[in-house]
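Next come two complexes built around subunit A: one with subunit B, the other with subunit C.
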Partner chain A sequence: MMGNLILAPVFIHLFTAIFQLIAWRKTVTQRILSVSGALAALIAAIALFTEVYSHGTFTINASNWKAPFAIVFVADLLGATMVLLASIAGFAVSLFSATGLSRQRMLYGYFPIFHFLLMGLNGAFLTGDIFNLYVWFEVIIIASFVLMTLGGRKNQLEGAMKYMSMNILASMFFLTGIGILYGMTGSLNMADLSEKMHDVQNRSLVGITSVFFLLGFGIKSAVFPLYFWLPSSYHTPPSAVAATFGGLLTKVGIYAMLRVHSLIFIPDDFTKKLLMVIAVLTILTGSFGALNKTNIRRLFSYLIVCHIGFMVGGIAMFSKLALMGTIFYLIHDIMVKTNMFLISGFIMQLRGVVKMEKLGGLYKEYPKISLMIAIVLLSLVGIPPLSGFWPKVYLFREAFTEHHYFFIAALILGSLVTLYVIARLWAEAFWKDVPPDIVVENKFEPLPLFRKCLLLLPIGILGTVSVYIGLNAENIIQVADRIATELLDTSSYVKAVLK
Partner chain B sequence: MRSSILQTATRYLLPILLLFSVFLLLRGHYYPGGGFVGGLVASIAFVLHSFANGTDASMKLLGRKPLSLLPIGLGIAAFSVVLPMFWGLPPMTGLWLKGTFPIVGSLGTALFFDLGVYLVVVGVVLTILFTISLTDD
Partner chain C sequence: MELLLILVIGMLYAGGIYFILRRSMVKLLLGIMLLGSATNILIFVLGAIVKGKPPIIGSMQDVLDKASADPVPQALILTAIVISFALTAFAIVLLKRVYALLETDDLDDLNTPEEEDI
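Right after this comes the complex of A and B.
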């Protein structure tokens, strides 16, 4: 029975989507189904996480075939944590879209596709089979492509074209890599692969294959020099969609990198150096890109790229402390980035624009809400004791012991730029008075109190989780510690899968 | 342009194609065939009908919007996936009824999965093609 819990988050989203397809064009039913489905998935994810945390990794063999022939679903601590984070973010976005999204989008099937996307994410985090991982990636891409084009405005289609062409390219690299890997070892099960990789004689082919995987996941997680599709597409869809994308989709790439590099291609010196160069350049380009952006959503898109570099740097060092930093940053980043885009959607509701020069006076009108948003912004910047601070401590310390001074410089620069742009955002949007020639188009004020609360609730939930991560960093560090240990010594994972 | 030759031919071809699609669906578990191919053949039958008699006539023949086949098909397939879990088995395990049945052969969850795929494929293909041909008018 415990095994069936693994797939519960996947199945709950699948059935939610099916019921919503039956209730096609009944937007109220779809909204209720979406929120309750996301809540059920969140409960299942919490149950899964506590189970894994107290009893260790467990698996289920689909179709009851024996591993390594079956597609194995594995709930180890990393996977369960990711599912939990995705479920929290998914629940918040579901709440936000139930109140903040236009009826037009709901009529064209926003909610079923959203739940298919969450299903794909959960599947990707739980599968133990590399080809199955590819299939979940495809589910994610197709669902996200529909979400991005839904509405059919010109700039949406333009962004979606860039998004789709780059992601299809990534899938092709990924698939080619899987093909070569299968040719070398005759297996697709990741645990089985990790045992068979040692026996492969042709080491140069192994190196080339790992580059294929790196390219595929690099495009997906938007690292330098493959990032440019992200800032040019993420600002086009509505905020609820952008929140799911910004919070979760790039992090799937990081998750896949962690998984593949810990199990199949243990990073050698060359890969480590390559990853480190990529990380430094990603932070630099992301932060320079963010410097002059006045559209809030474009600004956040560049910050995503910048902070992806932090995590890649942790993978590049591939020591216990560095991985702890990466995982802690991943946990913090999913919560905060999702929230940032929800906040940009909230500002859109208040003002009808997200350009900084046209904003202003938010603090004067909504002091309490502004303070709540300020906490989220400060977590992003990493003011101690909020959540962004702790992972950086680990990354800095490990970078000093390993003598990666360029990475330290990039980390400092990235953090400073984040601080600078967030301070500018605060000054422009919240403190400055409304520019005199702007007519404010406030859609939030006429809403009834109930809907106002519903709109603010997801931001509050994610903000609370961020504050919890910051103030109870000790617990998160314990989780990150265990995940990092499991990533460095995969024998327990392999044993659980192959039994 | 309506061709009476095509219309007459379609009147005979439509049932044969549908029957062939069911044949493909049923033999799919052990031999080439299955829900996907069967669904494609079935949708070809309807597309042929719409060529001969116009899209509106095929919509009337189908009796419902092709899009509404989607949740039904997905539901059947998903149900066959989770069904083994009620017996404490992992999802997607093949469960088979004892004995054989006329026409169908042995009856199991795999057949329901294929049936779901069949309906989804018919739904998707017809939705795409009918949408294109209706906006063309």
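Right after this comes the complex of A and C.
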């Protein structure tokens, strides 16, 4: 009975999407279904998380086949945490899109595809089978292709072309890796693979296979030098879509890296060095890219790349403290990055533009809302005691003990650049007066109070979660501590799967 | 048989990579399709090719009594083919829309500069 709970976050989104397909073109029904479905998934995710947190990893085997042969779904603490985060972000985006999205996009099936995307994400976080992970990745990318192109504006299609070709290529690398892995071990179950990988004699082939996986996940999580598709496509779709993408999609790549490197390819010195170089260059290129951007959404896209580097650096060190830093940063980043893009959508509603030189006067008009946004911006920068600060402490400390001084320099530079661009954003969009020749077209003011609240509620929810993460850091550290322990010693995971 | 297939895989990968490095969008798509086929055949070869021994359990037996072909790679390939079919179909439609909108096949023309953002 408990095992079925694992599938609840996947199935709730599946059925929500199916019911929405039945209610095709009935946008009000679809909106209600979307919000209630996302809420149900959130409740299921909380139940799953509490169950895993108090009773440890549990699994369900498809069709009750015995473990290494069945497609197995595993809820360990990492997976359950990711599902919980995805559900919080999904609920917030669902609320936001119910008001913030144009009716035209809803008519062309935004909501069902959105729920298929969330289904794919939850499936990817919960599966314990490497080929099944590939299938969930494909569910995610095909849903994201549709979301990205929905609306069919010129720059959207241009962005989608790059996004699509790079992501298909990433899946191809991933699939090639899976093929070689199966040829070497004859298994696809990740727990089973982790036991069988020790016995493989041909170590150089193992190294090559791990590079295939690294390439696939590297493209997906947008690390240097594979990230160029991200800044050239994430600013094009509507903000609700960009929020899901920016908050969750690149993090699936990081999740997969954590999973594969902890279970199948335990990082050796070469992989660690490679990952460290990648991390440093990702932070540098991401932050340099963010420096000269005046379009808020292009700016946020580069910040995603920059902060992915922090997490990869933690994986590169692969010690307990470093992994705790990575996981804490992951938790913080999903909440904040989703919120950033929602905020850019909110600014779009207020002003109709997201270019800094055309913005201004937001603080004068909406002081309370601006202060709420300021808290979110400050947690992104990592001002203590807000959420971005704590994981950096861990990463710093571990980098010092392991003598990765380039990484420390990159961390400091990345944080400073984040601070600089956020300060500039605040000065340009909120403090400066409205430029004289700009005619403001405010879509927010004429909305009824209920819909105004509906637009602001998701930003508020995610902001509250960020503040909670910052102020109650000890709870999050406990979770991160347990996840890091489980990642370094996978015996409990393997035992739970293979029983 | 294996040697022949390995040569085919190598050629498909080489051709696919050559195509995706071109500037034409149609060739990009063709390259992705070639790479997909190459990957599928690679899985097939790595699953060890066995001739004339289907993995069918006889009516009087509970388990397979002799070494036989592994059905898993074929199931994997089938899944991968279905997925790449869907992706290719989407890619073709997207390509057609891009061509209708921009009237170009050159990937270098797909750059709306930042100045035109709203």
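Just so we're on the same page, the second predicted complex is superposed on the first by the 499 of 499 C-alpha atoms of A that agree within 3 Å, B and C clash if a C-alpha of one lies under 4 Å from a C-alpha of the other, contacts with A are read in each partner's own complex, and residues count from 1 in each chain.
Going forward, contacts are C-beta pairs under 8 Å (C-beta built on N, C-alpha and C of every residue); 3 or more make two chains touch, one makes a residue touch a chain.
Remember, predicted model here, so these are calculated numbers, not experimental data.
> Taking the superposition on A as described, I'd like to know which of subunit B and subunit C A:Thr209 touches: first, second, both or neither.
neither
> Touch check for A:Ser63: first (subunit B), second (subunit C), both, or neither?
First partner only.
> Report for A:Asn4: first if it touches subunit B alone, second if subunit C alone, otherwise both or neither.
In the superposition, A:Asn4 touches subunit B alone.
> With the two complexes superposed on chain A, say which partner A:Gly152 touches: subunit B (first), subunit C (second), both, or neither.
So A:Gly152 only meets subunit C here.
> So in the superposed three-chain picture, is A:Leu21 touching just subunit B, just subunit C, both, or none of them (first/second/both/neither)?
Touch partner of A:Leu21: subunit B, not subunit C.
> Classify the contacts of A:Ser97 with the two partner chains as first (subunit B alone), second (subunit C alone), both, or neither.
neither
> Just to be sure I read the superposition right, which of the two partners does A:Thr271 touch: subunit B = first, subunit C = second, or both, or neither?
neither
> After the superposition on A, what does A:Met164 contact: first (subunit B), second (subunit C), both or neither?
Touch partner of A:Met164: subunit C, not subunit B.
> First (subunit B), second (subunit C), both or neither: which does A:Ser233 touch?
A:Ser233: touches no partner chain.
> Which partner, subunit B or subunit C, touches the larger number of subunit A residues?
C
> What residues of subunit A sit close enough to touch subunit C in their complex?
Against subunit C, subunit A makes touches at 131, 135, 138, 141-142, 145-146, 149, 152, 154-155, 157-158, 160-162, 164-165, 168-169, 172, 175-176, 178-180, 182-183, 186, 188, 232, 235, 293-295, 298, 352-355.
> What residues of subunit A sit close enough to touch subunit B in their complex?
1, 3-4, 7, 11, 14-15, 17-19, 21-22, 24, 60-64
> Using the touch rule from the top, collect the residues of subunit B that touch subunit A in their complex.
67-68, 70-71, 74-75, 78, 81-82, 84-85, 88-94
> What part of subunit C is in contact with subunit A in the complex they form?
20, 25, 28, 32, 35-36, 39, 42-43, 45-48, 70, 72-73, 76, 79-80, 83, 86-87, 90-91, 94-95, 97-98, 101-102, 107, 110-112, 114, 116-118
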